[in-house]
Amino acid sequence: MKELSDLNHCSQDEFVAALANVFEHSPWVAEAAAVLRPFAGIGPLFAAMTAAVDRAPHEALMTLIRAHPDLANKTQRATGLTAESSAEQDSVGLDRLSDAEYEAFERANSAYRAKFGFPYIVCVRRHTRDSILRDFERRLPNDAKAEMRTAIAEICRIAALRLDQLVVSDDRLPVHGRLSTHVLDTHSGRPAVGISIELTELSELGTSRVVARALTNSDGRTDQPLIGGRPVPIGRYELMFRVGGYFAGRNVPTSDPPFLDRIPLHFSVSDPEGHLHVPLLVTPWSYATYRGS
Amino acid sequence: MKELSDLNHCSQDEFVAALANVFEHSPWVAEAAAVLRPFAGIGPLFAAMTAAVDRAPHEALMTLIRAHPDLANKTQRATGLTAESSAEQDSVGLDRLSDAEYEAFERANSAYRAKFGFPYIVCVRRHTRDSILRDFERRLPNDAKAEMRTAIAEICRIAALRLDQLVVSDDRLPVHGRLSTHVLDTHSGRPAVGISIELTELSELGTSRVVARALTNSDGRTDQPLIGGRPVPIGRYELMFRVGGYFAGRNVPTSDPPFLDRIPLHFSVSDPEGHLHVPLLVTPWSYATYRGS
Amino acid sequence: MKELSDLNHCSQDEFVAALANVFEHSPWVAEAAAVLRPFAGIGPLFAAMTAAVDRAPHEALMTLIRAHPDLANKTQRATGLTAESSAEQDSVGLDRLSDAEYEAFERANSAYRAKFGFPYIVCVRRHTRDSILRDFERRLPNDAKAEMRTAIAEICRIAALRLDQLVVSDDRLPVHGRLSTHVLDTHSGRPAVGISIELTELSELGTSRVVARALTNSDGRTDQPLIGGRPVPIGRYELMFRVGGYFAGRNVPTSDPPFLDRIPLHFSVSDPEGHLHVPLLVTPWSYATYRGS
Amino acid sequence: MKELSDLNHCSQDEFVAALANVFEHSPWVAEAAAVLRPFAGIGPLFAAMTAAVDRAPHEALMTLIRAHPDLANKTQRATGLTAESSAEQDSVGLDRLSDAEYEAFERANSAYRAKFGFPYIVCVRRHTRDSILRDFERRLPNDAKAEMRTAIAEICRIAALRLDQLVVSDDRLPVHGRLSTHVLDTHSGRPAVGISIELTELSELGTSRVVARALTNSDGRTDQPLIGGRPVPIGRYELMFRVGGYFAGRNVPTSDPPFLDRIPLHFSVSDPEGHLHVPLLVTPWSYATYRGS
């Protein structure tokens, strides 16, 4: 990672080299920003880059869009993506799709390319595989003009996340969300300590996968957010709380087998940059949850 | 089914023939009860039969116990069970075990028979496959005397259910439980009408299977209990409520995708003859459940 | 009370005498209905009476309206109301108003009479004193035609309740509401037995007064509805549950003093003929309530 | 207020003068601590002072106890309390007792003095008037030795609070509690903004009094804790939330009058130095609360 102050004072070539792939294969965006240095923060730097994109002629934008790979395309993966693209696609599991998922992505990519003549682009770090496929379905009926706008908007989201990972600054781009929980034991009126929690990303087409595990601490919370320091991918999730062992360990009288043992909460994330708090209020005989803040 | 009054007034042979298999292959129990006719109800009739068992000598009880088949034994199934045993074993799915389950039952049966010299007996209508396997594990460490008592107690439970299915009387044996639900829409302060509900019996070793489907009526309840008119088998269950479509159909503003869509409640049944009420209080952003009554 | 069959078969004079004051001082309504006998139920009988009112000329309706006393008018009370009017006004406490309330009623009555030239009429059994005063305020801005319609509608509500108290029939007029509660102890997963409950009608101007006391039974409910067999008066209420002693009596560990002791629920009734269910789910550290059904 | 560093470096006389009344009329405690300077924090300073008390002979302790005024004694108030005592007694409202309360305090003081020969001492800042009277009742049956110990313990609590108000240091004595709330609108899945909240200290004998008013902010919380920066007095409280206007202002359909309008939560505080969080989850038709953390 680079300090913003270093980027403000290095040579123009060094600046462009450092930020060349913030916009995929498009160093001209960094070049346009370089002459506006120094920047007071990463916010103004990013604004300068997106302003350059906004001012760019139609042909340049089309080239920028076409510089992006297809999602989950095995041939392209073999011949080489930028490191950034590769890491992004891997983060959402596009490198380990089930056969059914792979076919669904292939079909969607082909249909999209056939209609619009450019690749489908989405900021994958804000998504799960399921929500990407739904996004495909939703965008395919659009006209080319609207899709071009959407593609540029997604490219800017990708760029913001790349910049956030490249540059250290006192200010932050608003690209991180947070998913947190809290377990209140309303049987004893205390935070529930030591509850084992598992967060699973649910998938309809492919395989659901555990994305976080944690234990509640002395305040009934987890030491780290379940997801934090990055967007919370749009999608469906399960939070599983093991309360049976917790109450048994406190010698709370219960039935045999206990009425409640493993409690699953299913919910969706719709705002990757927001803070979603999903608490559990629980006794051996009841529980409640809500979207908190 | 027979009317109790008919059984009170028929010949002794007819009475014994009718109730010969209430206790498996043991018409002597019905014979002992026959001479005590008339009975004021099915309760006194059953009491007379169990009293006969209580009075029987050790050898007769051992013969009664040995008259029972092994659970899920394919050879015995081929050579023939009583119609009653066969229906009971089928009801809990012992005729369609997965390989892993089949092996687990075989192992348990063999270990039990090897230790005690008589078959493991349990009233299967009060159980799921998982809870039978747990029962095996729990009872295997017992001594023979305790197990003989347990076997007789289970035989009496089996008999009560057989008698309940054979005899019509104004009074009822307390052998039926009930599982019910209720969906309150606390967003609009009304019963939630038309919510699709699915009840699944959860299995760790074998296959989970849907055991009831229902729609909530104008009172937010189901027209029939989810399980009723029989014991509610001991075991773990999932109730799945499709609330996403319900709120969407009422044009309630929500996120995209909706925060809550399909809500699973996981709970265990421990008292097959009890009334277990598992309601759902729900808004698009929160829900609560509890063991009701 | 009279059997409907008796009313169907008695002389016309007896019929009219029995129902003369169903509509205040207006036996002509009963006379009109008398000739349509026999009635299949109290529903058809009431429909015949209201049809007679609907058909009556303007002058007759005005006379009917003017036959009603002012609410809470001390002079009229001294010189005599019909027994029905007197009982109705007493039921809502109009015979024991505070000075502030009395003045408020006087002011409202005078303003109403001054504007419309006829008395303000409301079916007091469906109201509390507070809601009558709010009703005054709401109706005073109306024009005379609308108020005449409202007065007749209220007279018909009064008549329905009077008829319901006079005539026994297999069918019932839909004039009764119900207020019920239920206490679930979600600390132990059982109905809360023996909880002392007090229902108070809250008043802003006058004195709040306790209208029901009850103990929860073995199902956590009250043996009788808190209000039943009559309309549930529109107004604000408090339900007070004494849970501190309940949990102390079960030796549940708690703080000193207990976090929760007497739990008040405040709510309003808006539909006197509906069934309003206000349950309490409670542990020593939490509680919840909702409008149930 | 004094900086700890100043107290560490001033003359011994100045040090003693500054802390002379931390223990009522007993500068010898400050004198004993003065020679142990410098102190690394207010914690060690307080420990040095209480250690001096612990080491003091019986007679000195009795003198210390007797140096305290009776609670709520009008004659003593007229002839003069220390400024500290006076402020403490006023803070809990002992300067404006109802007649019934005044008599109750007089009776309790007299009974206590008659039995033990020294005044009843309690750290009033940790109490409400009701809880002081309950404390009297609880302590009166004790023997003199136990009461002397309790009196000294209460004197140390009083001293800790006085010291906390006198001395600025990086560390803090653990003498502050906190009472907070949070309103979640589970109808719209958001914090409830702009809800008017009133906190009332409930009294059985005297007058209940409002001790805090607040509006919820954009996070559904209050900008300041309802009580903070001091002990939360032991006692019974009401939190009143005006939710009717909130939902009406958001055009949420409801009944007329609204089912829920002003929601009172009644609860007790038992741990003055703890953090008590009492949230409200609310829709127009339901609400829940719990002791949070």
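First chain written, first letter: the chains are A, B, C and D, and each begins at residue 1.
The definition used in the following text is that contacts are C-beta pairs under 8 Å (C-beta built on N, C-alpha and C of every residue); 3 or more make two chains touch, one makes a residue touch a chain.
These figures come from a predicted structure and were not determined experimentally.
S.K.: If we look at chain A and chain B, which chains touch each of them?
M.R.: Intersection of chain A and chain B contact lists gives C, D.
S.K.: When the contacting C-beta pairs are counted for C-D and for A-C, which pair yields the higher total?
M.R.: Looking at contacts between chains, C-D has the larger number.
S.K.: Can you check how far apart chain C and chain D are, centre to centre, with Cα atoms defining each centre and the answer in Å?
M.R.: For chain C versus chain D, the centre distance works out to 47 Å.
S.K.: Please compute the C-alpha centroid of chain A, do the same for chain C, then give the distance between them in whole Å.
M.R.: Whole-Å distance between the two chain centres: 58.
S.K.: Residues of chain A that touch two or more other chains: which are they?
M.R.: 186, 189, 255, 259, 281, 285-286, 288, 290-291
S.K.: Applying the document's contact rule, which stretches of chain A touch chain D when the two form their complex?
M.R.: Interface residues on chain A, with respect to chain D: 184, 186, 189-191, 219-220, 281, 288, 290-293.
S.K.: Which residues, counting only chain A, touch chain B once they are in their complex?
M.R.: Checking each residue of chain A against chain B gives 131, 134, 234-236, 255-264, 266-268, 270-271, 285-291.
S.K.: Residue numbers of chain B touching chain D in their complex, please.
M.R.: 186-189, 253-255, 259, 281, 283-286, 288
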